[in-house]
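Just below sit the structures, each encoded as structure tokens.
In the two complexes below, chain A is the common chain; its partner is chain B in one and chain C in the other.
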Partner chain A sequence: MMGSPTILQWIIGAITLASALLVILGRNPIVSAISLMATMFATGLLYFSLGAHFIGVVQILIYAGAISVLIIFIVMLLDLRPTRVNIPGRAPVYVLSLVAGATFFVAAIFSVLPLLRAVGIGPLGNGQQPEEISMQLLSKYMIPFQATALLLLAAVMGVVVLGKKNMMSERIAKGAKKS
Partner chain B sequence: MTFDIKDPSTWINWFTWCVIISVVISAFLLTWIPVMLVVERRAAAWMQRRSGPNRVGPFGLMQPMSDAIKMIFKEANIPRKAHKILFVMAPALAVLPPFVAMIVMPLGGSVNIQGTEYALQGFNVNVGMLFFLAITSLHVYSVLTAGWASNNKFSLMGGLRASSQMISYEIAIGICMVALVLTYGTLDLREIVKLQEYGSALPAWGFALQPVAFIVLWICTFAETNRLPFDLPEGESELVAGYHTEYSGMTFGMFMLGEYAAMVASSAFLATLFLGGYNIPFITEESLRQLFLDQGLHLTLASLITALLQFGCLIAKIFFFMWVFVWVRWTLPRFRYDQLMDLGWKMLLPIGVANVIVTMVVTYFLKRGG
Partner chain C sequence: MITQLQFLVGIGLALFSIGILGFLVRRSGIIALMSLELMLNGVNLCLVSFSKHHGNAEGSALVLLIVLVAAAEAALALSLFVSLFRQSGSVELDDFRLLKG
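What follows is the complex of A and B.
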């Protein structure tokens, strides 16, 4: 299925890129976080324009609706002020980092282009229906799916341990004093 | 309205369709707001044994007009140290999500025009239930950005409260959705409404199939729309006016508009999931249309009248939920913040999970038996 992007997709793509650039170029952390949300939202719209409604909705629900809120929440709690980041180093460091970044970018584009040529851009088929996705997820990809759940559980436990660390050591110290 | 993304000649069709949908949906939602303003203020007065606004027009019915005129002509002040772009953007973000979310709501049956059935629905997404949830979850950004951009301690506290509250209750909503999907077997809102259609005496409506999910989701709706008893983000006794302390004139009006629009959208969502959507009790769409056809009406006219009657039925159901919003607001006191978190995490979430497990077992044995 070959096809070229429509005007709508060009517009959404431009919004995605612009907001993504604002994330890294903006000096204000809150503005960066909000434009990150806009990037996620626009990506969801791109999925929508390709006919993958389920993926688009999940993208908006999880990334734009939940994760970005948490990021903004944390930035607000830390009360970060607008800053200009000073990267230590001199001209060679900048040049090297620019070259490295550009190389990565070009390599990424070249690795994606053949796939894009083969598949093209156009409405996706029935493989994007929620039933299909859940079938795949619960049969073919069952083990990675369960492993992800385990990983998330481990992360949650790690947060609890880190958060309760001081409280627990205090309690242990108290217990030692009493006995 | 055929639309092929590759054929530019159909784009104008598509564009016209989009404009029509936006205008109709906006008109529908915007009509609710002045009505609800009067109902709320008069009902509040009635419950508190005072007169309420009764000077403008008969029974104070024109009060929203004078309120709107006042808000438009008042100065919309922007504090000097506020972040100007985000400060102006926040009210717009408050209004936008409910309007977008209403697009997937089925508003009535279908109208038959020259052999083609046109559904009274803006846009039929096969994951409508999730779409609604995803778009309404963006509502939190208006509160957050308003709270932060005002550069005011009280506003920031309100914004932070709102974000943690909304995220906590969204989890309970998600759990309820799982139970609902297990029951209906689809995420398509139109399909869900069709499944609740019945002609016999026993209700096939969602609240009978999923009573626990209905109650939990209903409670969460109050939290999601920041209505009392969950309106801690703007708790007057603690935070002046919370996240909209610094807003005045129409920028404040936009927040009010967004709140009422979100209430209407949530009510429509609840009605669609649990009260049979646009279905009229005890009669199916087919038999109702046949009733009008038997009177000698043309098919288009018969289907149009049927669809409009169903639309009216949906409006009645929305009004029921809106009335409960008002009723609860003037009956229950505001929660303390830890009570609110306890309710969300220690009550609603476990109940929701238990409900999902019960639903899973029941669905499994029903599918196996039948």
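What follows is the complex of A and C.
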């Protein structure tokens, strides 16, 4: 890792943070979803600027391509209204959340970043090529890699079960109406 | 002057903090899911920066696994929200206090 961040990285980083803020500040869920997509793209560009091309491609394909489109699709399908604002009795929760988030950010920044300055310049190894990543995945991390296959299978089965009518979801909704 | 590593880890931490904030403040389930994705993104950015810094691929392998898990989680969460919305017409988390939390 050499030198200070380039101008391009400053710009992409600013875009990342701005669109991430828009995700949580937007009243309309569609605005949030599209900002999320922009955040994913900008993070992928940061990976490219870092030289981690494979991870950048994966980020743009899976996050910006698949997950964001899925979220936008669901938001449009459900036709969500802009969320309620100024719910009475929630102001303390907002303040506490803000304090918690800001405290975490400041504590993390001030404890981690000075340590990183002392680390200095790392070795020049690349370590981001697809063959190196797959060597790791197929030797040292073989078991976790295969476990994700099981996880994806379980997720597919779960989605099929949840997608059916008159099952779990109806029971949950009945409980929600009663309470 | 900050180094590139500090810059990228700082952005990752900021993404994570924004995710925490969104998760705590927003009451819509879908926005909570998006905040979760933001947090995962921040962690991934830190992992890739450290992996690049140390010159080995283990962090990147971990990021690949995280992306897979996040995809499965997003699919499951969204189908949960669809069935909740179909049954009760809302995805606001406050409407589903079944366990009286």
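In the analysis below, the second predicted complex is superposed on the first by the 136 of 179 C-alpha atoms of A that agree within 3 Å, B and C clash if a C-alpha of one lies under 4 Å from a C-alpha of the other, contacts with A are read in each partner's own complex, and residues count from 1 in each chain.
Definition applied: a contact is a pair of C-beta atoms (placed from the backbone, for glycine too) under 8 Å apart; a residue touches a chain by one contact, two chains touch by 3 or more.
As the structure is a computational prediction, the values presented were derived from the model and not from experiment.
Looking at the shared chain after the overlay, A:Phe54 reaches both chain B and chain C.
Of the two partner chains placed by superposition, A:Leu45 touches none, neither chain B nor chain C.
The partner that reaches more residues of chain A, of the two candidates chain B and chain C, is C.
In the overlay built on the shared chain, the residue A:Thr16 is in contact with chain C alone; chain B does not reach it. When both complexes are aligned on chain A by C-alpha atoms, chain A residues 3, 54, 58, 66, 70, 77, 122-123, 129 touch chain B in the first and chain C in the second.
Of all residues in chain A, only 3, 6-8, 28, 30-31, 34, 37, 41, 44, 49, 53-54, 57-58, 60-61, 64-66, 69-70, 72-73, 76-77, 122-123, 129-130 touch chain B in the complex they form. Chain contact summary for the complex, chain A toward chain C: residues 1-5, 9-10, 13, 16-17, 20-21, 23-24, 29, 32-33, 36, 39-40, 43, 46-47, 50-52, 54-55, 58-59, 62-63, 66-67, 70-71, 74-75, 77-78, 80, 83-84, 87, 93-94, 96-98, 100-102, 104-105, 108-109, 112-113, 116-117, 119, 122-129, 132-133, 135-137, 140-141, 144-145, 148, 151-152, 154-156, 158-159, 162-163, 165, 168-170, 172-173, 175-177, 179.
Listed in rising order, the residues of chain C touching chain A in the complex are 1-11, 13-22, 24-28, 30-31, 33-35, 37-38, 41, 44-45, 48-49, 51-58, 60-65, 67-76, 78-88, 91-92, 95-98, 100. For chain B in complex with chain A, the residues that touch the partner chain are 5-6, 11, 83, 85-86, 125-127, 130-131, 133-135, 137-138, 140-141, 144-145, 147-148, 156, 159-160, 163-164, 166-167, 170, 187.
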